[in-house]
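The data blocks that follow each hold one structure.
In what comes next, chain A is part of two complexes: it sits with chain B in the first one and with chain C in the second one.
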Partner chain A sequence: MPRQREGSPFTGLSTIALKEAADHMTSARIHLVLLLILLTAIGAVYAAIGQIKATVSEDQFLFLSLLTTARDPLPSFVAFLGFLLPLVSIALGFDGINGEYNRRTLSRVLAQPIYRDAFLTGKFLGGLLVIAICLLALWLLVTGMGILLLGLPPGGEEVIRGLAFLLASFVYAGVWLAVSLVFSTLFRSPATSALAALALWLIFTIFWSMLAPLIASAFVQIDPYDPVSQLNFIELQRGIARISPQTLYDEMTLGLLNPTTRAFGPVFTSQLKNALMGSPLPLSESLRLVWPQLAGMIAAVVLLFTVAYVSFQRQEIRA
Partner chain B sequence: MSPVIETNGLVKRYGRFTAVDHVNLSVEKGEVFGLLGPNGSGKTTTILLLLGLTEPTEGEVRVNGLDPLRQPLAVKSRVGYLPDQVGFYDAMTARENLAYTARLAGLRGTDAAGRIITALSRVRLADVADKRVGTFSRGMRQRLGLAEVILKNADIAILDEPTGGLDPQATQELLELIGSLAHEGMTIVLSSHLLSMVQAVCHRVALFNRGRIGLTGRVSDLTSAVLGGAYEVEVEASGADVPAVLGGAEHVTGIAVAGPGLWRVDADADVRPQIARRIVEAGGALKNMSIRRTTLDEVYVRYFQETKNQQEKKDAEAA
Partner chain C sequence: MKFAPGFHIRRHAFIVFVATATVAGAAILPAQAQNADSAAATATAPKGLWLTTPFPEFATQAGKKVDLDVKLVNNGLPPQRVQLAVNDLPDGWKWEIVGDSHDVAAAIAQTGQTVDLKLSVTPPADAAKKDYAFTIAADTGERVLSLPVTLQIAEVKPAELTLKPDLPALRGSAKSAFEFQVKASNDGQADTVVNLLSKAPAGFQVTFKEAYGSQELTSLPLDAGKSKSLKVSVRPPEDVAAGQYPVLIAAAGDEAKATQQLVLDITGQPTLELAGPDGRVSGDATAGKERTFNFTLKNSGTAAAEGIGFSANSPQDWKVTFSPDKIAEIAPGQSEQVAVSITPSTRSIAGDYVVQVRSHGEGVSDNSNFRVTVSTSTIWGVAGLGVIAAAFVVLGFSVSRYGRR
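Right, the complex of A and B next:
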């Protein structure tokens, strides 16, 4: 039905977003998840510092290695973050809409002069605000630990790379927040929507990298004597793997925090022309390298948000 | 005067089930309009359609001359809504809950704060204004919901079962409140099962039956339409053929046997003197006579009994 609307779609947006953020900041559920993140972050960085001190490498990007260094049995800080950020997002969003429905507050709120989109967008922005605050706090904590325990302040380029990584993490968390909001509009029960989001998260973080080659092999036949077929296979496999936001995020952290990364796929000798093996890529090149991944994730957020919008817009609000 | 609320051939279908079936309503400004009907007869659905909280399958709605789906903000800013089983944010106080709605409704600062106090004291919740709503009883929530409607200072209030969960005293207070709001010029649409209450406050009522409006009009009109009169006289007499004696008498609209020597006379005026005179003139002995105004309850029970009988007859014919 074509429909013309009057009034700003942003009416009430900031009110809803701020209320949402305040609710999250005082909710026990979020406190728990944040505590988990905080402890793992401190643990991972502390372990990394021990490792760095032990090896005494002359690394140009010592500060960045604080984030990426893993010491057995602990994974690195970025690995932890990549694993736990979706959890935070899901905790923030899984009962965003259906929770209001079950508390019977939805019809009361939507009887106020606001658009439904404002409500949905407000929920999303409120969650993003919380994520942004947490990431920033985490970032400051890690920087502080680095300065205090290693006695080294991050260099200019390191700060920029670090902030770019922060932005990537933010968008990555945004994807999962959008996923959980979609489920919260699709399912009436918060338990169902949480389970659905967690299932998707498990598939993408754990099983997707195993599934990608299987799916690819169903489409491309590998001929051991034909390098082109092998290349096709690898390309397809990478393409499928990149459906998972986890893959995109991993590639972005790699590109941003390991400046020596030149490409994510197979590297051709033509690409290595004029390149010193093991030499870091300039910052602008690294940013260009990860740009498609970032754009892809933003597109995913937009797409997911549209799905949530469409499903919410036509819903009957009987509660 | 043009009606404030008007619906035209309103239909809402859920799959093959028709919840609201060609409803035509028209509510004048300042009127208190009651929606009556058994459970599942489509009252709440009609209310949702009026508010644009669900889309009609057919037909149209006009509130203040506006379409709630096309101009939702203009409509919602003029309409207050109390859903049945209203819910609030339990972790927030009564005042905070209202402050949130006030901000969504575009009220800010001291103006809003003042109105919140006024609204809370009108529903006698001022002394618990700073208690968390989680500690409120059902009736208190109901009154808080009403405070929200008052706070908004709307032209139109749509109340879905406003007496749900209220004790007799609170019900009485609610009636007075509704009365005074109507007196201030507010148009009120309410649905209820408490017929005595509807009779006490509503200028006009609509009787819903399986999604259709069976009857609509002033309570006194309905009583004469369904029961044949607004008064019911019980006559206990002997020695006279009461139906014959009273047949053709002025104002008498129906006579039924209510027991041995007992008759029930429907009339549209107080016909007691006339009955007494006629029975005595016919040589009968009048033993007892009592008069009652017929209540809406009887209209209700009788109406739905009749429609049920008709339905059964139709079903039998079809079979």
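Right, the complex of A and C next:
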């Protein structure tokens, strides 16, 4: 039974969080990463606006197509974000704990009346704060560009969908922040934790979609004459693919920014009889559609933080 | 000069002829012989020059120009010039002789030929009603051929109009086109122009057309003794009640008028109108849960709709039930409520679907495309919250285990 200490475990939490955020905001590393994101975002949205202007067809959700429209050779804003947000998070978190340890500042901080709980939570919240500020700025920038260049205000539902997308991006970035925090507590060397986090990022964003069918085929044999086995295979493959936060994020952006999306995964033609294809889903239904993905990612953030927490609490931190 | 042998001289009441013969020299002896041969062969075809007309006594009306066909016949004589004239006509009467559409005063009939002439006589409008005798004279220079003619100025028989339908009564629904074939005839002796009139119940449209044409008519000329076929189209208003409707048609000339009654026997027809709740065509439902919509079925027709049943074309595995599922009868103008319970399949994905609701009675039907927005159940939302809660439980446990170092 661990010794119970007196005082709130959250003493100094806000100090740590704000200091962490301020450190990030002034560090050259974050400036570079944010500049990268900013430039790609502006490029993608500018290209999308050009594409939208060239299209005559009427779109009920013009502002949402601003985020999802791709114009060769640039991918869409959403695709950029899905690819680069993990990079921001990893850059923010990979040396969160072991960096302090190696600089010998950890014991100095903890010599203050601050618990380790507050230190780790403050590190995490500081990173989240930076991400939130970046995303909000990015979203406002995109919306502003849309209003300026398209000359149209966004509709109410578009704003809500955009904010929901912002929340989804925030949670997605949070997952990767938690991942990098876990690695920064597990590995003493910041280089190792950075490489581990980047390796995981590469696996999930690039290779996972190739690995999922391979893993699924190891468990389910496809019989070309048995539709049920094919269906089982697809379901299992999708289940495995959804381990990757990238897949969940892609599905969420699809459901939120493309209101005609009705379901993810296989749909039977019998389910489509008499269905009005192309009619947008009500907002509540779209939110309900992406909620499992969002809930899964929030739970993943909490669990990863727990792993980092347990690992950090059990560490010998005197150096 | 002498009479040719074998010549008959005949005189009837209306045929005047003068036979002349020329002296034949030695050079034309064969011709003489030939004449003798033909005369022997056809004793009924006499030689001579005649002025004839088919109707030497006829009647006409005062002021009306009348034409008389006159023929100048030369049978077996050399061509002769005759001077034409009309004698003994009273003052004020106009006449002219027309041949080949020219005014003529003289004519020459070739041997064996006939000259067709026409005598046009115009009596003055105030000519007394009696017989007038005059003669048409043809002067050959040697003889005068005269054709006495009697013209009677008679009372004018006015135009007499009749309208006769082939089928005076037709039967059909309020939406059918009623077309009556009617023959308008003028049995009198005067030409006339008739106006076509109709009198129909309010809302009925009556149009007159040619029997084989599409032009609408308001009047038409009818010559004496002639008739014309007409087509009378009657279009009843669509909401007219069942029953018999008389339509009077009339043809009115200057003095005469004919009327005829046509009868439309209109049978009623039911019309169903199916409308969604409060006239809306869309509604919400949750997958796997029954939702009831109150549809209104109205009979906007003119006869009772009977034996009405319901059916629905819905997405697969959806359940659509109707309460009541049968309606025996809806009177015209009445409406009935039908509760339509729609249960989307539990496997439905969210979004809009079309459910086609149909009502069908005897000979009538209507359908309504009802748009159902399906929401999925909230179970997954609760499950998501459960997952998050479980994650926090794990966090809480680890905090209580390792917290506050």
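By our rule, the second predicted complex is superposed on the first by the 308 of 319 C-alpha atoms of A that agree within 3 Å, B and C clash if a C-alpha of one lies under 4 Å from a C-alpha of the other, contacts with A are read in each partner's own complex, and residues count from 1 in each chain.
Assume a contact is a pair of C-beta atoms (placed from the backbone, for glycine too) under 8 Å apart; a residue touches a chain by one contact, two chains touch by 3 or more.
All of these numbers come straight from a predicted model, not from anything done at the bench.
Chemist: Does the chain A-based superposition show chain B and chain C clashing or fitting?
Modeler: With chain A aligned, chain B clears chain C, so fit.
Chemist: Which one hits more chain A residues, chain B or chain C?
Modeler: C
Chemist: Please indicate which partner A:Trp291 is in contact with in the superposed arrangement: first for chain B, second for chain C, both, or neither.
Modeler: After superposition on chain A, A:Trp291 lies in contact with chain C alone.
Chemist: Once the two structures are overlaid on A, work out the angle chain B-chain A-chain C from the Cα centres, in steps of 10 degrees.
Modeler: After superposition on chain A, the angle is 170 degrees.
Chemist: Using the superposition on chain A described above, determine whether A:Arg314 touches chain B (first), chain C (second), both, or neither.
Modeler: A:Arg314: touches chain B and chain C.
Chemist: Counting only touches as set out at the top, which of chain B and chain C does A:Gly12 meet: first, second, both, neither?
Modeler: Only chain B is touched by A:Gly12; chain C is not.
Chemist: Output check: A:Ala111 vs chain B and chain C. Expected answer is one of first, second, both, neither. What do you get?
Modeler: first
Chemist: Is A:Asp223 touching anything from chain B or chain C once the two structures are fitted on A? First, second, both or neither.
Modeler: It touches nothing on chain B or chain C.
Chemist: A:Arg103 contacts which: chain B (first), chain C (second), both, neither?
Modeler: A:Arg103 contacts chain B only, not chain C.
Chemist: Nearest approach of chain B to chain C by C-alpha atoms in the superposition, in Å, rounded to an integer.
Modeler: 6
Chemist: Can you list the residues of chain A that touch chain B in one structure and chain C in the other?
Modeler: Common to the two interfaces on chain A: residues 4-5, 115, 314.
Chemist: Considering the complex alone, what residue numbers of chain C touch chain A?
Modeler: Touch residues, chain C against chain A: 313-317, 345, 347-356, 371, 373, 375-376, 378, 380-381, 383-385, 387-388, 390-392, 394-395, 398-399, 401-405.
Chemist: Name, in rising order, each residue of chain A that touches chain B in their complex.
Modeler: Those residues of chain A that touch chain B are 3-7, 11-12, 15-16, 19, 23, 26, 103-105, 107-115, 314, 316-319.
Chemist: Looking at the complex, which residues from chain B come into contact with chain A?
Modeler: 44, 48, 51, 53-55, 69-74, 76-77, 79-81, 83, 85-91, 100-101, 103-106, 145, 148
Chemist: Note which residues of chain A are touching chain C in the complex, please.
Modeler: 2, 4-5, 9, 115-117, 262-263, 267-268, 270-271, 273-276, 279, 281-282, 284-285, 288-289, 291-292, 294-296, 298-300, 302-303, 305-306, 309-310, 313-314
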